[in-house]
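The first chain written gets the first letter, and so on, giving A, B, C and D; residue counts start at 1 in each chain.
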Amino acid sequence: MAAVKKLINDPQTVVAESLEGFGAAHPDVVTIHSDPWFVARAGGASAGKVGLVSGGGSGHEPLHGGFVGVGMLDAAVPGAMFTSPTPDQIAPAIQAADSGAGVLAIVKNYTGDVLNFETAAELADAEGVTVRTVVVNDDVAVEDSLYTAGRRGVAGTVAVEKIAGAAAERGYDLDAVAAVAEKVIANVRSMGVALTACTVPHAGKPSFDLPDDEIEIGIGIHGEPGRRRIPLAGADEITEMLLTPVADDLNLAGGEKVLLFVNGMGGTPASELYVVYRRARALLEERGVEVTRSLVGNYVTSLEMQGASVTVLRLDDELTALWDAPVHTTALRW
Amino acid sequence: MTLDVAWAVDWVRRSAQTVIEHRDELIELDRQIGDGDHGENMTRGFTAVVAKLDALDAAPADIGEVLKLVATTLMSTVGGAAGPLYGTAYLRAAKATGVPELDSQGVVALLEAALEGIVARGKATTGEKTMVDAWTPATEAAVAAADSGASPADVLSAAADAAHEGAEATIPLVATKGRASYLGERSAGHLDPGARSTELILRAAAQAAE
Amino acid sequence: MAAVKKLINDPQTVVAESLEGFGAAHPDVVTIHSDPWFVARAGGASAGKVGLVSGGGSGHEPLHGGFVGVGMLDAAVPGAMFTSPTPDQIAPAIQAADSGAGVLAIVKNYTGDVLNFETAAELADAEGVTVRTVVVNDDVAVEDSLYTAGRRGVAGTVAVEKIAGAAAERGYDLDAVAAVAEKVIANVRSMGVALTACTVPHAGKPSFDLPDDEIEIGIGIHGEPGRRRIPLAGADEITEMLLTPVADDLNLAGGEKVLLFVNGMGGTPASELYVVYRRARALLEERGVEVTRSLVGNYVTSLEMQGASVTVLRLDDELTALWDAPVHTTALRW
Amino acid sequence: MTLDVAWAVDWVRRSAQTVIEHRDELIELDRQIGDGDHGENMTRGFTAVVAKLDALDAAPADIGEVLKLVATTLMSTVGGAAGPLYGTAYLRAAKATGVPELDSQGVVALLEAALEGIVARGKATTGEKTMVDAWTPATEAAVAAADSGASPADVLSAAADAAHEGAEATIPLVATKGRASYLGERSAGHLDPGARSTELILRAAAQAAE
C-alpha cells in the first residue's frame, strides 16, 4: 500500500496523536484521558448538572471533541477513524460525566454506535450511573423504516448537543434534558452531497471512485457512496436537491421559524458553503419560512471530503433560547 | 473424536492469521458498500486477542475461557458494528462451552449460541445482507452434519462450506441492516464484508480441527 | 474548459454570491456593501475608535471578512479569487471605517495588494481620511531582500488583525495602533506546506501538478508552487521543516513565550492540524520556549488546498493581553 | 502620416480582442510561476473597457481621453499587480498625449510615459522578469525607429517586435519582482505573463495603425 498523502505519521497513531495535540492546545477547555481515550471538560463534571456524553468514530472533527465544554458536552468518546468507540471507552466517559444527576448519551444512529453505547450504558448502570440515551437520525437521504437500520445521524447532531447542553446547564433534570433532545431530533433534518470521496488513513485509497463530472447525492459522513450519482450541477441546483427533501420531510409551513445550518464535509472552502447557504435560505423564504438562526462551517466532517450538507431545525421559543445560550467549546463559542 | 482447549487456541490463532491476511480484501469489500474499515477493525481486534493469549500466565483451562477472552478483547478493541456483534457471539459461545471437550453436538451448540448472540444484538434475520447470512446456513449445515454422525472436524468443515455459500449469496441482496442499507438498491452486487469474515473464521475453526 | 468541480454556479459570480450568503447568515456581525463590494461591521464605525481595514484576493476565507467585527477589523475588502481588490473598492471601505480617528490599513505583502492599497490610501486621503499602512510579511519561505518583492504576508495576518483590533478597541490612537501592529509583524513568522494544489474557479485546473508522493514546501496562499518539492514525509518530519526556519528566523531563546498557530490551507482535516500542532509544540518546548497561547484551524486558506502552515508569534505582556481581549467576529470569537 | 483618436479606439478594441483570445494562455503562464489569474484579470479589465467605450454618449475628443478611460477602468476592475501597473501606464500615456494626432515622436512619448508609469509604480528594472522586460526594449526600439524617420505605424511595429523579443527573453530569468519571485530559482524556464500581455497590447497598437 502506498503511503497515503496526509499530514500524519502513521494510520495507527493518528487518532491518539491528534487527541494529544488537541488537549495540549486547549487545556482551558478540555482534558484528554488516554487509557481509555476520551475527551472530558477541563475541571470535570459540574455538581448537580445532568452530564452529556456523545461519541463516535474519529474523522468527523470538530464533532464530538470540539463540542466538549460549558454549555455543551461533558465528555466525547472518539473511536478509530470512522469506527464507533468501544464500550470500555464509553463507560468511563459516562462515569466521568456523572455528578449524580445522571447522564444523557447522545448517539448517532449507526448500528455500531448504537450497540457500543448500549453495552456501555449497561456497564455504567452497573456502576450506579443513571443513563438515558437519545438516538439522532436526521439524514433524510435514508429511508426510515421499521425494517431497516433507519436514518443516519449526521450534522443535526450539533443542534442536539448544543441545545441539550444548554438545557443541562440551566438545570433541567435528566428526563427534561432527554425530552428537549428528543424535541430537537424530531424537528431536525439533513441531507448531504459529496463532490469528492475521502481517504481513510488505514484504507489508503478513496472511499469511492467518482468521475470528474459526477457527484454523489445523499451521502452520509463515513465516505459511503450516496443514494445516487448524478452529473455535476450548479450550486443552486444542488442546494435545491438537498433543501427540498429536508423541508418536505419537516412539513415546513409558512410562518415557521428555523435554524439553517450549512455544514462543510471538511474539504469545501467556506466561500462555497456561503453560496449554498444563500440559495438554501432563498428557497426557505420562498416557502414563507423565516430563517432566524444560522450556522455555516465545517462542523461534522468526513476527513477531507469536498461537499456539504444542509440541515434545518424547526425552532420554537424554547429551542431558540437554548440555542442562544452561552457555549464555550473549542468549535462553538458565544 | 472431540475438540479440546488446544483446538480452541489454535482456532483463535488461525482466525487472527486469516483475518490479517485478508485485511485488505475486507477493507475493499467494506469500501464498496460501507465505510472501508472492516478489515482494519478485525485486524486490530484479533491482533489484540493474540497478544492477550500470548500474555497469559497459565494455559487456559477450557474452551469457554478461550472464547471469553476473545469476546472481551474483541468487544473492547474492535468497535464499529462488528465489535459488539462478534463480541456477543463469542460471549454466548463461551457460555455454551464451559466443558473441557466438545463433541459434534457440542460444536453445534457453540455455533448456535454464537448465532443467537449476533441476532440478539443486531436484530437481523437472513436476507438482510449481514453476517447472519453466513452464520445461519453454517449453523444449519452443522446441525445436519452432526445429526448424520459427522465428526466435529467434519461438522466444522460443513459449517465453513455453508458459510462460504452464504457469503457468496449475499452478493445480489439489497441490504436492510447495517451501514450498507444506506445505499438502498446500490448495495446489490457486492459481497457483505461481515459475511466474508464469518466464513474466514469458520474455515479457521475447521482447519484447526483437521 | 470542463466545468470545475465546485459548489458554485459560475466562476464570475462566486465571490458576489458568497458575500451575499455571508451577509445573510451573519447580519448581527457584518453588513455587506455591494457597489463596490466590501464587508463592514454591522452598525458601522465606532465613534472615536481608530478604524481597521484589510483586504486581498478572495479564496482565503475566513480571511478577511470573517475577521470583521468588534475587537478586530472594521472593514474587509475582497478582490476576485486570488486577486487584490481595486482602489475604488478599498477607498470607500477605508472611508466607512473612519470615525475621525484615522484608519490603519493592514496589507499583506504582495505587489498587487501593496499597489492597490497605496492608490486607495491616496484616494481616501484626498477625502480627508488619515490612513496609515502596515505591511505583513511573515513568510520565511521567501527570501527577504531589498532587491526582491520581499516576504509574503500569510497566516500571521490573523495575529496582526486580532491584536491591532484589540488595541483600537482599547482606545489606542492611530500611531499607537500602527506601532502595535508593527510589533506583531516584527515578531511573527510562518511557513507552509502543500500536499495538494487548489483550483481557482476561473482557471479550471489545479494551480500546480503534484505527483501522489511529493509535496511542496514553502508555499504561499495563492496556489503558487513552493520553494522546493520533496518526497512525501511523515507529519512530524514535515512539521520540523516548517517550525525550524520559523523559530530560527525569530531567534527564539529559551524562556520566551509564544503563540503557536497551526493553520489549515482549507482542505486539511482538523485531526491532522492537531498532529502538526503536537509536534510543533514539542519542538518549541525542546528549545525551552513556552507556548502560552494557541490557535488551530482553517483561518487563512487557499480554497480547498490540503496542507498547513505553522506560525509563531513572540509574545510579551502587551501582545498577550491584546490577544486575550474580547473579539466577536464570525471566525474568531471569545 | 499621424495617428488620431480613431486609431486609439481601434487600438483599445483590438487590445481587448487579443487579450480575450489569449486569456487561457495568460492564465497558464501565470499558473506556472504565479497564481493563474493574469488572463482572467486582463479579460475582466478589457471587457469593462470596451463596455465603457460602447456606452459613451459622444465619441472621445482625443487620444488622451481614450487612454484615460482605459486607465481608470483597468485601475478599477483588474486588481492584482497588473491593475495598478497598466492603469498607471495608461494614465501617464494619456497625460503625454493630450493632442489630437500623434506623429512618430508622439508615439515614442506615449510609450515612454507608459513605461515610466510602470517603473514608478512597480519599482522594477530590466532583468527582473516582469512586464518591464517587454516595455523597455519596445520603447527603445520605438526611439530608434522614430529617430530614423519611420512612420508611426512602423514605430509601433518595431515596438511590438521588440516587446516580443523582450517577452521571450524573460524565459531564462529568475524573477526578483512580483509573485514569481517567491519561486526563486524555480521561476526560471517560464515566460512572464505580464511581458506576454504587454507584447499582445503593443501588437494590437501596431495593427490598428496599419
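We take it that a residue touches a chain if its C-beta (ideal position, glycine included) is under 8 Å from a C-beta of that chain, and two chains touch if they have at least 3 such contacts.
If you're wondering where the values come from, they're calculated on a predicted model, not measured in any experiment.
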{"item": "Gap in Å, rounded to a whole number, between the CA centres of chain D and chain A", "value": "54"}
{"item": "Centre-of-Cα separation between chain D and chain C, whole angstrom", "value": "32"}
{"item": "Euclidean distance of C-alpha centroids - chain A vs chain C, Å", "value": "29"}
{"item": "Multi-chain contact residues (two or more partners), chain C", "value": "none"}
{"item": "Residues of chain D whose C-beta touches two or more other chains", "value": "none"}
{"item": "Chain-level touch network, classified as line, ring, star, complete or other", "value": "line"}
{"item": "Chains grouped in pairs wherever the two touch, ordered by label", "value": "A-B, A-C, C-D"}
{"item": "Chain D contact footprint on chain C (complex, rising order)", "value": "1, 57, 79-88, 110-112, 115-116, 118-119, 141-143, 147-149, 152, 200, 202-203, 205, 207-208, 220, 222-225, 227-228"}
{"item": "Footprint of chain C on chain D - complex, ascending", "value": "24, 27, 31, 33-37, 40-41, 44, 75-85, 121-122, 176-179, 181-184, 186"}
{"item": "List of chain A residues in touch with chain C within their complex", "value": "2-3, 5-10, 14-15, 17-22, 24-26, 58-59, 61-62, 66, 193, 195-196, 212-213, 215, 232, 234-236, 238, 260, 266-279, 281, 291, 294, 296, 298, 301, 303-304, 306-308, 333-334"}
